[in-house]
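Structures follow.
In the two complexes that follow, chain A is the common piece, with chain B as its partner first and chain C second.
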Partner chain A sequence: MIVLVASMQNPGGLAEQLQRLKEGLHFMLPEIGIVITIILLVVYDLLFQKNKSVGLAAILFSALSFLLVFQVLSFLPEANALPLFEGLVTHSAGANLFKIGFLLSLLVALLMAVTSRKDSLHYFDSSEVLVCLLGVLLGAFLLVMSSNLLMIYVAVELVSICSYLLTGLGKGKKKSEAAIKYLLYGAAASAVMLYGMSWLYGLTGSIDLNSDSFKIGLDYAVVVPLNIAVFMVLCGLLFKLGSFPLHVWAPDVYRATPLPTVAVFSVVPKLAALLVLLRLVAATSATHFDWQTWLGILSIGGMVVGNFSALWQDNAKRMLAYSSIAHAAFLLAGVSIMNRTGLEATVFYALAYLLMNLAAFYLIQMVENKVGSTSYEQLKGMGKKIPYVSVLLLIVMVALTGLPPTVGFNAKLYLFSAVYDEFGRSESTILLWVLLVGLLNTVVSLFYYIKIPYLLFFKEGEGNVAPGAYTIRALIPGTLLVLSVLLLFFRSDWFVDLLNSINFVL
Partner chain B sequence: MIESNLSEFGVLLIFILGALLFAVVGLLASRFIRPNRPNFEKLTTYESGEDTVGSAWGQFNLRFYIVALIFILFEVEIIYLFPWALVFGDEALVRGTDWQWAWFAMTEMFIFIGVLALGLAYAWRKGYLDWVRPPQKVASFKSKIPAEAYKKYL
Partner chain C sequence: MEHILSYIVFIPLVGALVVLLTPKAYQHLYKVLAIGFTGLSLLLTLYAVHMFDGGLVPQISGEANLQLVEKVEWFRLSLGSLGTFSVDYLLAADGLNISMLLLASIVLFIGAIVCWKIKEKQKAYFGLYLLLSTSVLGCFVALDFFLFYLFFEFMLLPMYFLVGLWGGPRREYAAIKFFIYTLVGSILILIVMIGLYNSVYDPVKTAELAGINGTELSIEEVQALVAEGRIEEGQLVKSFNMLYMANPANYIPGSLLERSGLSTLFGEPIRWMAFLAIFIGFAIKLPSFPFHTWLPDAHVEAPTPISVVLAGVLLKVGGYGLIRTAFAMFPDAAYHYAWLIGFLGMFSIIYGAMNALAQKDLKKLIAFSSVSHMGFVLLGLAAMTSEGISGAIYQMFSHGLISSMLFLIAGVLYDRTHNRTIEHYGGLAHQMPYYTVFVGIAFFASLGLPGFSGFIAELFVFIGAFKSSAVIGAIPAWMAIVSTLGLVLAAGYYLWTFQKMFLGKFWVKEKNWLPALKDLTIREYMVLVPLVVLIIAFGIYPGLLLNLINTGVESFVGHLTEWSK
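Moving on to the complex of A and B:
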């Protein structure tokens, strides 16, 4: 609208712009699809009084499967980046790849919700939770596409507000506490980010990351205000990334929220924020802001805080929360490399993390269905009662640690070797520190990840599992996820070739 | 064309200073001009001409917020509609773009209003607009002293 109003005096130009806008809409079909699904869900929820779960689930799953197929079919690795809506968003293969990942995670999360005995009513009884989940998805879709500061802000807010609602929906003191904490942190972080964006606008006179005036303005910007501005923008993204030092909300929120929602929280906003961060780094890399040092420091802090806090947890959910903080730190380490190899290693790590994390949450959910809780006390000795799921869980925990034969090993290997190469080239000390702390923390993480299989298999517990075996239907997604985690270790070249053909930064 | 030496930020600064000055000068001037004879009645809080009861920090019914939120939503919508109507109705633009502009603006606004209306329908259907009165509590206590007994002392 802003752009349109600017050319108000010239009907001819306006006609051209409308034409471009119409063409742009064609590329926004997935987003439009999500919006239509949201509206359908609400309308269905309003029209019918009782037994809505089947209808809601039908609408949701058919829409998501349709979107997934559409997104995969329209995926062209070599496609060029295409600015749409006068540079507000950019259609690119990198964004498309991430969108496929997001759709996959939402599908897995919803399958978790269906199989969960405790929470399935919470999800499918009414449309609210589903609408909020789709809102997070829509925000993430827009976020990975956005190439404009304003669009980044709007998308981050969309993701955030839906996340607050998802945390707060339902009854319980813990839920309200977590939601209020989340809301306060989030509001502060996005306010700071918006303020930083206004500084960037003041410095450059543009909010379009790809525009010339933005680049030229950054070149001429004074060092101190520029540093402050970029740092403030970074704050908002770090919050969404759930990364040190803005990670404080994560454990509370993870504990208070049902597992399927946590699975979405731990993957979708995180990866979306990562891609935007990569774009921001690329747009401001030639300036006086020392990305490498800052990101290195943040990454080291995140690894230490995440890993060492995870050691002391007594609940699988909270442990995974801290582990996700540590993984966010590894991602930041990848971003701090700032070259093509580093970029690919980061994206590989991100997508491997997506798979591993989804598998972990899916299996923990299956365990919770039988055991009734995710606390360590309850997990003791359950391995013999549910052997298949426990073995799968063991593989996923090995993957999260970063040991062979899983994709987690490849991810860490690529990341660390990219850091090492860049260190050999530029001899910047911060990268050496990142590398050392990263390796050390991988060893530390072994302890808390392996603790879960250890409890499952080697401890004696008196807890009982719910009667009945797992249905095949519930086992298939978990098995597939674990198989893909294993397969990508042996054939990681598939993934790497794919990533090589994509330009992520536009 | 006259070049002013003020940047956009300079204009903003002048606005901020002007706002501060306006408030300060107004308050100071009235302080010097007015007679100062306070009494109890004058110092009480003004509350629509009624006597104030209790503190302003009391609890409100939660429903006030829902109604207020919905009200604000639609009020903001109205504010948004006015500039839209002006731009939409611009004949030169409509003719210049061969009615494309009209269709575009029309669809956009209908989608916008439609989503808002859906929100209202949602709140209505889910019963958030029903103003349920809290049930009156009737005390179950029965005194042994008959009511007539009090009349003696009144």
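Moving on to the complex of A and C:
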């Protein structure tokens, strides 16, 4: 089918096609790099029996750092989008920006894994977990590049299957329960999405979102089936986005999984799905599907459900899980604006969220290393015992709430400004409600974010901390993340200028 | 001294860093550092006030005749269809904020001296105190809304910790209540800020960007060009400048908050809704009835120096914010809702005073008297006459000094017996005669006896409110008349309290308090005497303050009258 569609678009001989494929490979170097790393890890795991962890870590860290440097150096904001492999994937500056974010997330997560206590999951004992993490990364890389329904589906499945494995690996009843829940929900969501895609193909005769036949097909499609089809695809993406109402899997999975994996889950698939959603919205914005109303309603629901559920948690990890549902809702609010300003504000929010969330998880991991758990009971009174990390954590919580002087404030300010601006143009009621509910939810979120510093500093606790001070090496990544959260408040123009120059062809 | 305002604002921040870097072994130095840095800031403020020319008439809706200006572009963004907007680092003084800056510096310095009682976690305490000082001082001199909002929000966190960690038994509840209430207010202000900067452009920077500066266009000419639609929206530089926001000529034609805009929200013009939002935002901070309930809790639980700073300066941020933003930017809406503001002011005066009558705890009594006195600020503002506005600013200044003194006095007693219940004391005048003298002065100053600064302030407010209906027609005269009841009630609760606690036969509830009940110490004299001197000085020579604020107030009233209809 793909060849069929492709050959219809780009007629030409086999030799020409092969030539184009060969040229395309040049732009897939990061993905090829990930695959090679996976193979290296598996081979190393099979060949060596003793002291594997050092070798595995060495391979992984050098590969990821190399990829990060490569990705940053080859990053050209102004570069035009380039369809590769007969339109299956699109090489674009926007996708590359997200890839840099994903690599950063994985690196931070693995640094967390290195510092984590020995009794938690052994990340570097064998290659399975690492390979799954790289699988998520590869899937996310492909997902942000795909502009073709089939490719979207394959990439989503790659991310999902690796995520199920990551949740299930290891022992414990909680883990199995979470993994099964995740798998069942995921399978259902994928099936619905695939079904929706098949309808879209049936209606338009094309699976390439950017192709002319897809656009023309949409113009002539019957309204009701088209709306149903788009809605079904939306469901699959909402699941990956961890957004209301398809978020119920998230808290259980977060609780059952060790922090480094959760850090990856909370950022990488979410942002990848976000970019695809933006692409889907752009491709179908001219249809009768009322994106603004639907996304607005989902966003309001997500903010309310995420925030109010987070209030009742007694564990920092679960609290962050619900807070990530609320943040996903803010991202949806950004998508619902449906113009270039909204797009930039959403991407800004997404990348600010990436930084803040990574910082939060990194620091919570450091606390867990000392305290042994992330439950609120254990956090009590730790401010005195680990003052430096506690102060950093305070700054991150302020950032997640969205107060100055942190990048969280700019993210909220730009997002709300964009919503307001669009409201001023269209006077659409749903945007007004998104604006009001969003702002009020900032107040609600203060309750649970401030609870962490409250427990750390205000409460007296009997909990013991593991002896020994933090090593400087462990403190540096956390400090850098927090500094970047602060710096991007004072110089958010750097970031916005970068976004302005990026050619976000979707 | 080109950057004197920056020095004043950021010297406490430097102090916070120094405290943070000083090892714990030298923790006895922390309080010296705090006094030193706030003292230096106060000296510079005095110098700034000395340099301030009270005769220059500032322009409320533009940058003409601003003094001690520091203006640097902080950043400039272009966000898609939002267009370009720029944020300035703009600090300046005019008749509306110079008095508040002076008050803040004085009270923060006195507060730092009172901190000697703090024994626990000194590093964190003094670091946070100095951080709070920077954000409060910054709030009064920042004339860019983004910068103002930064300082405004940044007050919350240090305050939350200062109340929550060093406060009384219910400190955690009081701290979170304070945080939530004020955050709700900030969010309301944020909505309006977003609306304002999306509606207002910077004529100077727009001229630069549009490339018409070569022909040297004046601000008026640029405004005319924009009004005629001859500059495209994409070429406008949107602005956070609070002074530009006050000028209706700087609103982009067709924007939501434009003066002649027809947009409505819930059936009311959107400008009026915006005014209500920003009014409530600052009324929570002020606080005014019915948003005042966080104040008694916060005051009762806060340690003495924090109570002093809270009553002395933080509340004034609310009043100042109303003047600088709500009234200056929405004079038409302010005029429309003047009756509501005046009524809330009047109601706060009476309601606060009645509550004060019923209190058993000395600190709670003072807290409710604060609500009552802040009502005068609202009443004076709502009058929209020059006497009323002068009175409101004078009241803020005077209440800053008097309430600081009242909380110090309550602190003196609490330090000795750890009990503030009014009924547990009687005839203290026999045991602590000098203390009684100071309490008497503070009480009489607060109830508005002539000769003290409070009298001048309240007199101005009453004259302003009474004349309002004849001059501008903002509020009816009966509001002024009813409000005078507040004075009677104030006399009631202060005199009763004074009589119960200090007059008659000496008696205290617990015998073991007796040895602790000594008269004032040298340190206590050191903070109380200067306050008494200031309160009396501003009471018998009002020119001291009026000369600073007069031209500002005149210009402000002119602005209100011009645009209110």
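Everything below uses one rule, namely that the second predicted complex is superposed on the first by the 489 of 506 C-alpha atoms of A that agree within 3 Å, B and C clash if a C-alpha of one lies under 4 Å from a C-alpha of the other, contacts with A are read in each partner's own complex, and residues count from 1 in each chain.
Criterion: a contact is a pair of C-beta atoms (placed from the backbone, for glycine too) under 8 Å apart; a residue touches a chain by one contact, two chains touch by 3 or more.
Quick caveat: nothing in here was measured; it's all calculated off a predicted structure.
Looking at the shared chain after the overlay, A:Thr167 reaches neither chain B nor chain C. When the two structures are aligned on the shared chain, A:Ser324 is found in touch with neither chain B nor chain C. Look at A:Ser492: by the touch rule set out above, it reaches chain C but stays clear of chain B.
Between chain B and chain C, C touches the greater number of residues of chain A. In the superposed model, A:Glu344 makes contact with chain C only, not with chain B.
With both structures placed on the common chain, the touch criterion links A:Pro405 to chain C but leaves chain B unconnected. Contact with chain C, but none with chain B, is seen for A:Tyr414 once the two complexes are overlaid on the shared chain. When the two complexes are overlaid on their common chain A, residue A:Leu46 makes contact with chain B while staying clear of chain C. When the two complexes are overlaid on their common chain A, residue A:Gly424 makes contact with chain C while staying clear of chain B.
In the superposition on chain A, contact is made by A:Leu14 with chain B only, not with chain C.
The part of chain C that touches chain A in the complex is made up of residues 75-82, 149-150, 153-154, 156-157, 160-161, 164-165, 172, 176, 179-180, 183-184, 187, 190-191, 194-195, 197-198, 255-256, 263, 265. For chain A in complex with chain C, the residues that touch the partner chain are 339-345, 398, 403-405, 409, 413-414, 416-418, 420-421, 424, 427, 432, 435, 439-440, 442-443, 446-447, 450, 454, 457-458, 491-493, 496-497, 500. Looking at the complex, you find that chain A touches chain B at residues 5, 8, 11-12, 14-15, 18-19, 21, 39, 42-43, 45-46, 202. Of all the residues in chain B, the ones that touch chain A in their complex are 9, 87, 90, 92-93, 95-98, 100-101, 104, 115, 118, 121-122, 125-126.
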